[in-house]
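Here chain A shows up in two complexes: once beside chain B, once beside chain C.
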Partner chain A sequence: MADLTQFALRRIGQSVVVIWGIITLVFLLRFLTPQDPAALVAPDDASSALVDQIRQDLGLTDPIVIQYFRYLADVAQGDLGFSYGSGVHVNDLILGALPATLELAFAALVFALVISIPLGVLSANRRGTNTDAATNIISLGGLSTPNFWLGIMLILLVPVQLGVLPTGGRVGPTQDLVAWMAHMILPTIALGTYFMALLFRMTRNNVIEELNKEYVRAARAKGLPENIITVRYVLQNSMAPVITVAGLQLGLLIGGSVVVEAVFNWPGIGSLFIQALNTADWPIMQGILIVVGIGYVVINIVVDILNAKLNPQVSLS
Partner chain B sequence: MIKKRTVQSLKNELRSNPTAIIGVAIFTLLLFGAIFAPILAPHDPTTQYTDRTHQAPLGFGGESEQTQLVDGEMQTVVEDNSGTLNHALGTDANGRDILSRSLYGLRTSLLVAITAMTISLIVGTTFGLVSGYYGGRIDDSIMRFVDVILAFPSLLMALALFGILGPMTVFVPDPFAALGIVEDRPAVTPFPGTVTLAISAVIWVWIARVARAEARQVRNQEYVTAGKTMGMSNFAIIKNHVLPNSLTPILVLGTVQLATIIIIESSLSFLGFSGTTLSLGFDIAFGRDYLSNSWWISSIPGLFIVAAVISINLLGDWFRDALDPDIQGGGGR
Partner chain C sequence: MKGLSAAPIGATLLAGCLGNGEPDVEGESGELFPDRELNLAVAGATDSTIDQHQTGGIQNGAASTLTYERLIDRDVDGNMQPMLATDWGRQEDGRFRCELREGVSWHNGDEFTASDVAYSVDRIQDPDVHLTSDLQGNLSGITGTEIIDDYTIDILSDGFNSYVETALSHFLGLVIVNEDWIEDREPDETAVNAMGTGPMQLVDVQEGGVSATFEVFDDYWGELPEWADHVDEVSINWIGESSSRVSGLRAEEYMIAESVPPADVPTIEEDENLSINTSPTSRVLKIVMDQRQEPWNVWEMREAMNLAVDQDAYINNVMDRFAVKSTQPTLPQMFGYDPDIDPIGYDPDRAEELIEEAGFSGIELELTVPTGRFLLGEEFGLALVDQIDSLSNVSCEADIVDYGNFTDAWGTSRPMDMDFFIVGYGHPSWDGRETIQTTLLDTDGQSRFGENPRYDELQDLFDQSIRAPREEAEELTKEMNRLCVEERCWVFLHGQQALIGHNNVLDYKGRRDELVTPLDSGLNQ
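Moving on, here comes the complex of A and B:
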């Protein structure tokens, strides 16, 4: 137990360094941009004196070290600054957009898990049959299809050809529960398919590996039904790495949602990021990068520590 | 540097594995199509045949009644958009030939993918091997930096870098046009410099991680200790022992990452951040507005991407099965 606490502390210590690195890198990114923030904040007809004044107010005339420490202090207090374009607080913008993205990522995760794990087990149990071949071909297709193109093909097939389901947009669950779900279906499939294919492959490989172990032979010799062997023993023992990957690749879903949101006009942080990129609104982009980056690091620690706690074989070094 | 044994096991696997053959065949075909695009493309990819817009691919389309404004009056005219051999994969809303555009787009994709992969391999292998070989503080600082970059989704980071650098498109003279082999084809190939750099900046870290893990294993081998005892310099040891013995898993991961790069490149150009319009992602985005009447404009360029990525994934599986390196094929889009 003492080992585990030590491991957790060391892991958290490393992560603090990484989080500091994230904030520093994000600060430097803005510094490298050719655009003058003051010119973006100022109205179009502003005099050069006004632009100078704004530059001073934004603290852009201070030495870079001062600006850096000010930024570090702000972010440490959870203040991500103000949008250049609208003057709205970045925290509010991100908090407004984050639920839509998390909801989509979570739905995609559930979609991927619910389909990939049963299919992976089925495919592994029937290794070498047509079922196995068919599921493998589907997973290869899923791994190889860009999610934005899949989204467009779904729009082409379902709303355009069949006339059901909306082509895009989002309705809040509190407004209309049915419409909320209807709007979620296609983006969820578009975002979750790659992930599903990835988890399918992992499940299949792990189950095959597990099925070849001695204890399975022993259980069979004892006369245990195949179903019980699969569900009780094999599945449980082969799931740990799959769950780890599922947790770690949440970042992949957030990254993927940038394009999927663009396809389906989904008002999440991906859309917010693209909008900000088009108007060089760096505080918004910096805020999103920091939130996503730190979120990833935190999920990583949690998954690592959980894994170490659940699986005593994980070496704590 | 690549051992005979490696080549032999690749050959053996190819003989027993039909999907590897399919992968090699599709990839060769696409690579051939991309390199010789100026010769193989039936039309200039940028020419707008205004009398032949929205023409369906061969075997599709047909006559349809359309309401049009003719001489200030609304009239119903019968239009025929059935496919012809001249435009085998149809034309887009501006009357540009889709087959030609897709071949040129594929050319851009593969050019970016191979260049970005080369940069990532060089940078990632260098940092990874140094990190793994020396260990200690050098290892710590390099790996923490790698962790920082890995914390961002690749696409988000690449977009941010695009925002800093701007498009930076380099126009490379097309060898076929320059040598006068083809006429009426673009004289230059636009090479999206920023996209390549931005992608390299997020991909090298995956290579570095694998290279480091390999170097750490090799570092404790007896021949490395022997080399040190004999007074070989660290550089010589890395070059002569560590690199050759780490190369296989690095190259396998590199192949798999080629697929990721193609997807990131097409995503960037789909979102409008690429610096060239001769790209598959751009054409997919262009076709979105015409989904209800011309499905082929978005669909066909996407099929080219899927074919390229499938073939690369099959190549990756082939390498992995044949060489069985112990790596976690990381992705991250």
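Moving on, here comes the complex of A and C:
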């Protein structure tokens, strides 16, 4: 237990350095563009005196080192600044949009797991059959289809041609449960298909590997039914890496939802990011990058710790 | 949003027509609009605020005009109509009196009075009240107000100013806000809330430019649109992805979809339940030639580029029907347009001669073509490059850049190497002087006209027009247009058309100021 605590503390310590790197990178990114934030805040026809005044108010006339440490201190205190466009606190904007993104990412993850694991097991158990071939083709399609294209095709096929399900938008589950589910289906499929295909491949390969092991042969020799062998022994032993990857994918799903959110007009941080990009609203973009970066780091730590706890083969050193 | 149970409007329309011969636009549920919602899909928001004093973005107008009002309205053809002012007129030079409508209620029940108007002017104009309103420049010349009584106010200007009517009447001009409501709130609260006098009351905003939902304001002072009886909510959905807008329209989730890509027009026209509305916008497209440097400080070169461009060819072959030939800075529907100005015409032989005479034979040009902003921007940009490149003594290449990067370079650093580029400018003022002021008289502005020897003359005409009565101002604006054409201030291209897809339940009326709104629409029944 003491080893695990030390392991966790060590990983957290490493993560602090990574997060500091993310914040520094995000701060420096703004200086790569020629845009003057003061000019963005000022009206189109503002006098140069007014732009100068705004520049001073925003602290942009300070040396870059001062600006950097001020930014670092603000972020360390959880203050991501204010939107150039609206003056709204970036924390509020992100907190307002994050639930929708997390909701979609979790739904996509659940979709991916629910489809991929049974299919992977089925495919592995029926290796070389038509079922195996069909599921492999589906997997290949899922891996090679860009999610934005899939999203557009789904919209054209389902709501436009078949007249069912909405083309986009989000309804909160507390507002109308049925409408919430209806709005979730297509974006979830669009976002989750790639991960479903990925996890399917992992599951299939792991199950095949386990099925070839001695203990499976011994179990069969003892006369245990095939479904008991599969579910109770093979599946359990082959799931650890799948669950680890699935956990790590959650971070990718959050980051990868940007395009899907745009296609489905989903009010998450992806849509917020694109809108900020279009209006050069740097504080929002920086805030989202930091939040997503920190989220990814945290998920990694949690997965590592869980893995270390659950899998005795993981070396805590 | 459309619910699962919503009956397709098209099917019910058809069913209604088959019954007794009388068109019946009501669905099986007895509703014209699914779930009694009228949803609009407009192009992505240009600002992350719905505080109309903080944004100059046209796309935000779809939402703000539902809830905020002005003293004077414009109908679909641009004619001034009473709104919060019932009567108006100039008392003397520098004093423009507005008689305000009585019995107007704000959405929170407050009474609208002259102090709200005074506050609105101050909030836009006075740095002590509101430092950075994007609308400051749109109230050009207005210096303040004087309240005569609760329902009479004088708008003060620096002497006679014929621009006042313009500033009071367009949706990016003097938008009236509720003084008490604003003063009780921080700017970040007013960015995501609204309190107006308009026919729709804001009930919800999904922040980050996603959507805004309104409900009908039952105590509205004016006549509500015909469809208001059939609708509980109106939502504005800002959707940057054009295919999503069109799909939503085809699935009958959206009643109106802005900026339909031309490629989708046939699909929509084939659908018996949908139509395309095409109307001219205020956006004029041109090629800017930076007159601060060679070769564009030479008149012959500017003339040659105009002669090298075959407007008819690219408008017919590339733009299909979605452009109107431009002959001057002002578009036909605007104040100050001069119908007597002829197109410069297409004469490549003469263009080659002029280039030779100017000593630039063999010149290599690079035309910057921004993409992602203007209708068929890349397509017509490349056509223009081909036309210019086909001159025997010029080679021309395209520099295709994303519009965001284009504006970065253009708006901040203004590099000298981007001296020849396509850009469009639009403004809902219905006044040609606005375009001339912003694009030609602002020396940092779009046309870099400041180095032209006749800049002072143009400025003088503009100043005179502001001080002149409206009829005289119109003549002076025409004169400004003639001067700009004489100087070949731009390569004149075209006025952009708006392509709005709409469901046939609505009798959609396209506006010429780029505002997408259901407020002018009736019902097809």
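Simple rule for what comes next: the second predicted complex is superposed on the first by the 316 of 317 C-alpha atoms of A that agree within 3 Å, B and C clash if a C-alpha of one lies under 4 Å from a C-alpha of the other, contacts with A are read in each partner's own complex, and residues count from 1 in each chain.
Heads up, the rule we're going with is that a residue touches a chain if its C-beta (ideal position, glycine included) is under 8 Å from a C-beta of that chain, and two chains touch if they have at least 3 such contacts.
What you see is a predicted model; the values in this text were computed from it and never measured.
Novice: Looking at A:229, would you say it contacts chain B, chain C, both, or neither? Reply first, second, both or neither.
Specialist: neither
Novice: Quick one: is A:171 in contact with chain B, with chain C, with both, or with neither? Answer first, second, both or neither.
Specialist: A:171 contacts chain C only, not chain B.
Novice: Which partner does A:296 contact after superposing on A: first (chain B), second (chain C), both, neither?
Specialist: The answer is first: A:296 touches chain B but not chain C.
Novice: Would you check which partner chain A:32 touches, where first means chain B only, second means chain C only, and both and neither mean what they say?
Specialist: In the superposed model, A:32 contacts chain B only, not chain C.
Novice: Identify the partner contact of A:191: answer first if only chain B is touched, second if only chain C is, both if each is, neither if none is.
Specialist: Neither: A:191 stays clear of chain B and chain C.
Novice: Quick check for you: in the superposed arrangement, does A:89 touch first (chain B), second (chain C), both or neither?
Specialist: Once the two structures are laid over each other on A, A:89 reaches chain C alone.
Novice: For A:141, is the partner it touches chain B (first), chain C (second), both, or none of the two (neither)?
Specialist: first
Novice: Once the structures are superposed on A, label A:113 by its partner contacts, choosing first (chain B), second (chain C), both or neither.
Specialist: Neither: A:113 stays clear of chain B and chain C.
Novice: A:183 contacts which: chain B (first), chain C (second), both, neither?
Specialist: It touches chain C, and chain B stays clear.
Novice: Name the residues of chain A shared by its contacts with chain B and its contacts with chain C.
Specialist: After superposing on chain A, chain A residues 33-34, 152, 155-156, 160, 262-263, 274, 277, 280 contact both chain B and chain C.
Novice: Using the touch definition up top, name the residues of chain B that touch chain A in the complex.
Specialist: Chain B reaches chain A through residues 144-145, 147-149, 151-157, 159-164, 166, 259, 263, 266-267, 270-271, 273, 281, 284, 287-288, 291-292, 295, 298-299, 302, 305-306, 309-310, 313-314, 331-333.
Novice: Taking the touch rule as given, give the residues of chain A at its contact with chain B in the complex, in rising order.
Specialist: Residues 14, 17-18, 21-22, 25, 29, 32-34, 140-141, 143-149, 152-153, 155-156, 160, 194, 198, 249, 251-252, 254-256, 258-259, 262-263, 273-274, 277, 280, 282, 285, 288-289, 292-294, 296-297.
Novice: What residues of chain A sit close enough to touch chain C in their complex?
Specialist: Within the complex, chain A contacts chain C at residues 33-36, 39, 41-46, 50, 54, 82-83, 85-89, 92-93, 96-97, 152, 155-156, 159-160, 163-171, 176, 178-179, 182-183, 262-265, 267, 271-272, 274-281, 284.
Novice: So in the complex, which bits of chain C are touching chain A?
Specialist: These residues of chain C touch chain A: 1-4, 8, 44-49, 51, 54-56, 127, 131-137, 187-188, 191-192, 206-211, 237-241, 243-244, 247-248, 250-251, 253, 404, 408-409, 411-413, 438, 442.
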